[in-house]
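Notes follow the structure.
Naming follows writing order (A, B, C and D), and every chain is counted from residue 1.
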Amino acid sequence: MFRRVLIANRGEIALRVARACRELGVETVAVYSTEDADSAVVRYADQAVRIGPGPARRSYSNIPAIIEAARLSGADAIHPGYGFLSEDPDFAEVCEAEGFVFIGPPASVLARLGDKSDARAQMAAAGLPMLPGTPEPVESVEEAEAAAANIGFPLIIKAVAGGGGRGMRIVETPEDLADAFAQTRADALALFGDGRVYLERYLRSARHVEIQILADQYGNAVSLGARDCSVQRRRQKLVEETPPPGVPASVVEEMGKDAVRGALAVDYVGAGTFEFLVDDENRYYFMEINCRIQVEHPVTEMVTGVDLVAEQLRIAAGEPLSLRQEDIVPRGAAIECRVNAEDPARGFIPTPGRLERFHTPAGPFVRVDTHAEPGYRIPPTYDPLLAKVIVWGPDRDTAIRRMARALGEFQIEGPGVRNTVDFLSRVLRDERFRTGVHRTNLVDTLFAESEAD
Amino acid sequence: MFRRVLIANRGEIALRVARACRELGVETVAVYSTEDADSAVVRYADQAVRIGPGPARRSYSNIPAIIEAARLSGADAIHPGYGFLSEDPDFAEVCEAEGFVFIGPPASVLARLGDKSDARAQMAAAGLPMLPGTPEPVESVEEAEAAAANIGFPLIIKAVAGGGGRGMRIVETPEDLADAFAQTRADALALFGDGRVYLERYLRSARHVEIQILADQYGNAVSLGARDCSVQRRRQKLVEETPPPGVPASVVEEMGKDAVRGALAVDYVGAGTFEFLVDDENRYYFMEINCRIQVEHPVTEMVTGVDLVAEQLRIAAGEPLSLRQEDIVPRGAAIECRVNAEDPARGFIPTPGRLERFHTPAGPFVRVDTHAEPGYRIPPTYDPLLAKVIVWGPDRDTAIRRMARALGEFQIEGPGVRNTVDFLSRVLRDERFRTGVHRTNLVDTLFAESEAD
Amino acid sequence: MTAVIEPMDPGRVDQTLEAVHRHATRLLTQAPGLPRRVRVRAGDVSVELEWPVVESGQATTATTVAAPVAAPVASGPLATEETVSEQVSQIRAPMVGVFYRAPEPGAKPFVSEGDLVEPGQQVGIVEAMKLMVPIEADQHGRIVEILVANGESVEYDQPLFTVAPLEVE
Amino acid sequence: MTAVIEPMDPGRVDQTLEAVHRHATRLLTQAPGLPRRVRVRAGDVSVELEWPVVESGQATTATTVAAPVAAPVASGPLATEETVSEQVSQIRAPMVGVFYRAPEPGAKPFVSEGDLVEPGQQVGIVEAMKLMVPIEADQHGRIVEILVANGESVEYDQPLFTVAPLEVE
């Protein structure tokens, strides 16, 4: 195991990593920007190095600064947390070159998987199910009809040069295909000066489901169940849970096997997440791989009992996985709610400020990961995540009731500071969420319904 | 389920019960003494009734006051917590007579099990193993020798009228019996004016191990594993854990079966604990039954996933047990440390006072049950329990390291306020505790070693 | 104020006090608002009351609270010069339970507003589980206000009566 | 203080300044402790320095801190009357890394204590991963103290130099 780990991150995940280190007897080095000088992890860690001013570009994403801090503090490994440099192949490479162990996949793996289309190609080659579509532009109606026969309906015709919802057309039935194809090409030419289009399966409503995996340096990999992250707002996850409601265990198992196969195919090492879209028939399609620990990792920890950050450290230190697939027996259900310093009433704008009151939920089967405390000043510079409330229950209903209880205990007050607790409580009360039939459009729907009131 | 439950208790357990109620959709009524007017549960509960002045005799142990508070608040059931009236058969009877459900065993069961010798007789009849001994005084050397042949050595000769360590003599071998018998009788006569003595197996070193059970109103009962509570000071438990270190799973299973058999034999209903002493050969002996939820119940919750307080409520509401014995699969290890407002350096005297700083541990697999918070005034009137830190780990070593980490995060400061965190950390570091070979004499030994330093 | 106690014929004292009492009561009911001081003297008998200038507002939880706005009725016991102290106090529930003003249903209340009470005098009952706990005055005073209706539930230490203490000098 | 700038022969000014400088330095090194004010005048050239009465103690994290006890050396640039402001400031590390006083090993340091610096003048280097980040003065001033030894690691924003700013009037 390492002697001293530098944590190249801030906020709750920095504290989370420091706790894992401490339990493993590893010394910790915090790095911090001038904005975070009085942060919890700075006090918690055995050492702390100021690496730059507030802007992440000059501090938490500043490779030379972090490498120098590692050297200055005598660290032998670097944990990048999530965000910032966590999936940067250059950073991983520099760490390796400068003699620090990067706690994550090798630089080469990060580079290969960082290119989304490359990652899809590799996963397709590894046999993972992909959303049906035409990888190359379609040139004629005949070609489109041939492709559509494979893709099925509904499908979507997209301009190669399109984006932002323009230059695309959903096709419900084969009868509509020829007209839609011609019109979309015409639109595309008019809009972008490029008439090329391609076809893809259209998922009217989908769930975002992801598989957590762990892989060691010796070709062993295991999956640790699935998380549903369908409660999103503009691709920002608000609520995550495991197991995913409505997805049969057999499907989760298949996804897990696919993720492990995919991980082994690219020599993945460390903790990783395979993201899938799941359609209403519980068919799933590979989307991308997140090569880091994720914000929502605690729900997996709650049901499996596996300390994922400790496993990251062990894997990076060269230990073989001590977990076999049959050791991983998820129990019950876990939910995470992200409490952000944002104002849902004003389009979720961040509301930095000083916390005068900060009383976190507690009690049985409740975990709160946070770096905040009374007196903490939320800086305007970083993401507004204030706390993660995670609960466990023997079943989803119990977990939902427990989460409602826990959110009810959360007291956050400060001049100008707003938070998402009430909004999260509203999600929990929503009948679609309670019954688990919600899809990625739930948050938008809730807002549309609010406005209609 | 009940509509409204009155919680006839205070401190962390009152909050614990209120949380369980809230998760079940049950309204809560807190009762409080003038000393506890600003307590957390008073703010947490849906209603709060002031029932008397500080002294428990006139408030938390005042049956008419609590019954009137229940009537005044419209409660339909009363949860007694632990201590105070929790095992008082009169209280249970009055509750029943006044139309409130007592959340605990029926008054008749409490009465029968409240008499310790009666309880032992019943459990002996139910076939539970008892510490060998002579129930009646022994009148002659011949009688003593006959009894000793059954009891085995070492045994202890105790004056019937003795107590506090006086009037007793340990006998190691049969050769010493006759002399010891004569001398103890003489001592007893001289000391107490009563020469009667009896014989009992002497356990030089024992573990305190207890079995948690749940029994419903329909003759169903399950055991939920064992807790070791050997880290005690003057019969006050300081650290509890599950599973008990050094006790084979097969022995725990046998104890569990015995406890279930004992519970069914006396028509037990609710949550209960069967206390045993376990000797170095892992033979176990019934001691007594605690007819209430216990302080250390969270360790059982952590490994089984069962919310014991919620189960108490369901059982009292007349629901049949939803858990079968095969559903209860303890996972990993859990430890609880009791953090008291006491000064270990001054014989653990209570140190009431106002908390200026109170920062509780958090993070993965850590639970803190507490009613305290910054600004809380610890009253001098009640027991000094300030918080329970409970951790879970896949194995005992991980749990110990996690507990050490968690205790290290605990910050408690206030004028004149001391706490047991450092002492608990010392217990955790002790080699005997770490290897699990400690017995009930560990705390005394630690103090003796401190003085020898 | 020092009190001068003169020997008097008890009957005459009683008559005089009655007159003084009536006069003082009339004065109080006719006065626009609560006066700061009322002094009624008749020969050897004099009654003087003085109220503090208080802010209106909630009674605090302290046993002795600032005088409420309700006007007390002036009177005086036998053959003494008295003052009402600048504070009023409260008689509080000795127990959680049901408050009763009378020993039994339909009976005359133990006390009514305006009555004088002395230490140990029963002023009500709190019943908790058929246990009848007497409520007693703990000092000389006058019942200014009865704060809880007959038959209502009360918490421990809940104020039941406001009492204007009389300092017997 | 208002400064009067007179046209002078540059060579003469230089000579005069040298003399003034030496004299001031001697005065400072011979004086028992740091004086509150030093004024040296030679013809048209005068140098006046004044130090605040400061409490000893830690430098704060603010960019401008109270003057340390180390005595600055008096001198003056060309043809001006100058005053040292009542505050000294610090030049801080622009980056975490290793601090070097010279452009390469064995070379002459960019600056030494007592040197005058002007805005943009390089006074050192912080090296982070072979990246040589120049450290520059941001105002006219005199290096009062060099706070970090050559080759030592520094944090971002760590004070490296204490500078007595010169107000060019």
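Please note the rule applied: contacts are C-beta pairs under 8 Å (C-beta built on N, C-alpha and C of every residue); 3 or more make two chains touch, one makes a residue touch a chain.
The structure displayed is predicted, hence computed values, not measured ones.
Steps from subunit A to subunit C, taking the shortest chain of touch contacts, total 2. Looking at subunit A and subunit B, no chain is in contact with each of them. Distance between Cα centroids is largest for the pairing of subunit B with D. Subunit B and subunit C have Cα centroids lying 52 Å from one another.
In terms of their C-alpha centroids, the spacing between subunit B and subunit D amounts to 71 Å. Separating the CA-averaged centres of subunit C and subunit D is a span of 82 Å.
Shown for subunit C are the residues in touch with two or more other chains, of which there are none.
Judged by the touch criterion defined above, the protein chains link up one after another in an open path, with no loop closing it. Taken together, the chains touch in the following pairs: A-B, A-D, B-C.
Every residue of subunit A that touches subunit B in the complex is listed here, in rising order: 15-16, 19-20, 22-25, 44, 298, 301, 305-307, 309, 331-332, 359-360, 362-370, 373-374, 392, 394, 398, 401-402, 405, 408-409. Across the complex, subunit A meets subunit D through its residues 34, 49-53, 59, 62-65, 67-69, 71-72, 94, 98. Taken together, the subunit D residues at the contact with subunit A in this complex read 95-98, 128-129, 131, 153, 155-158.
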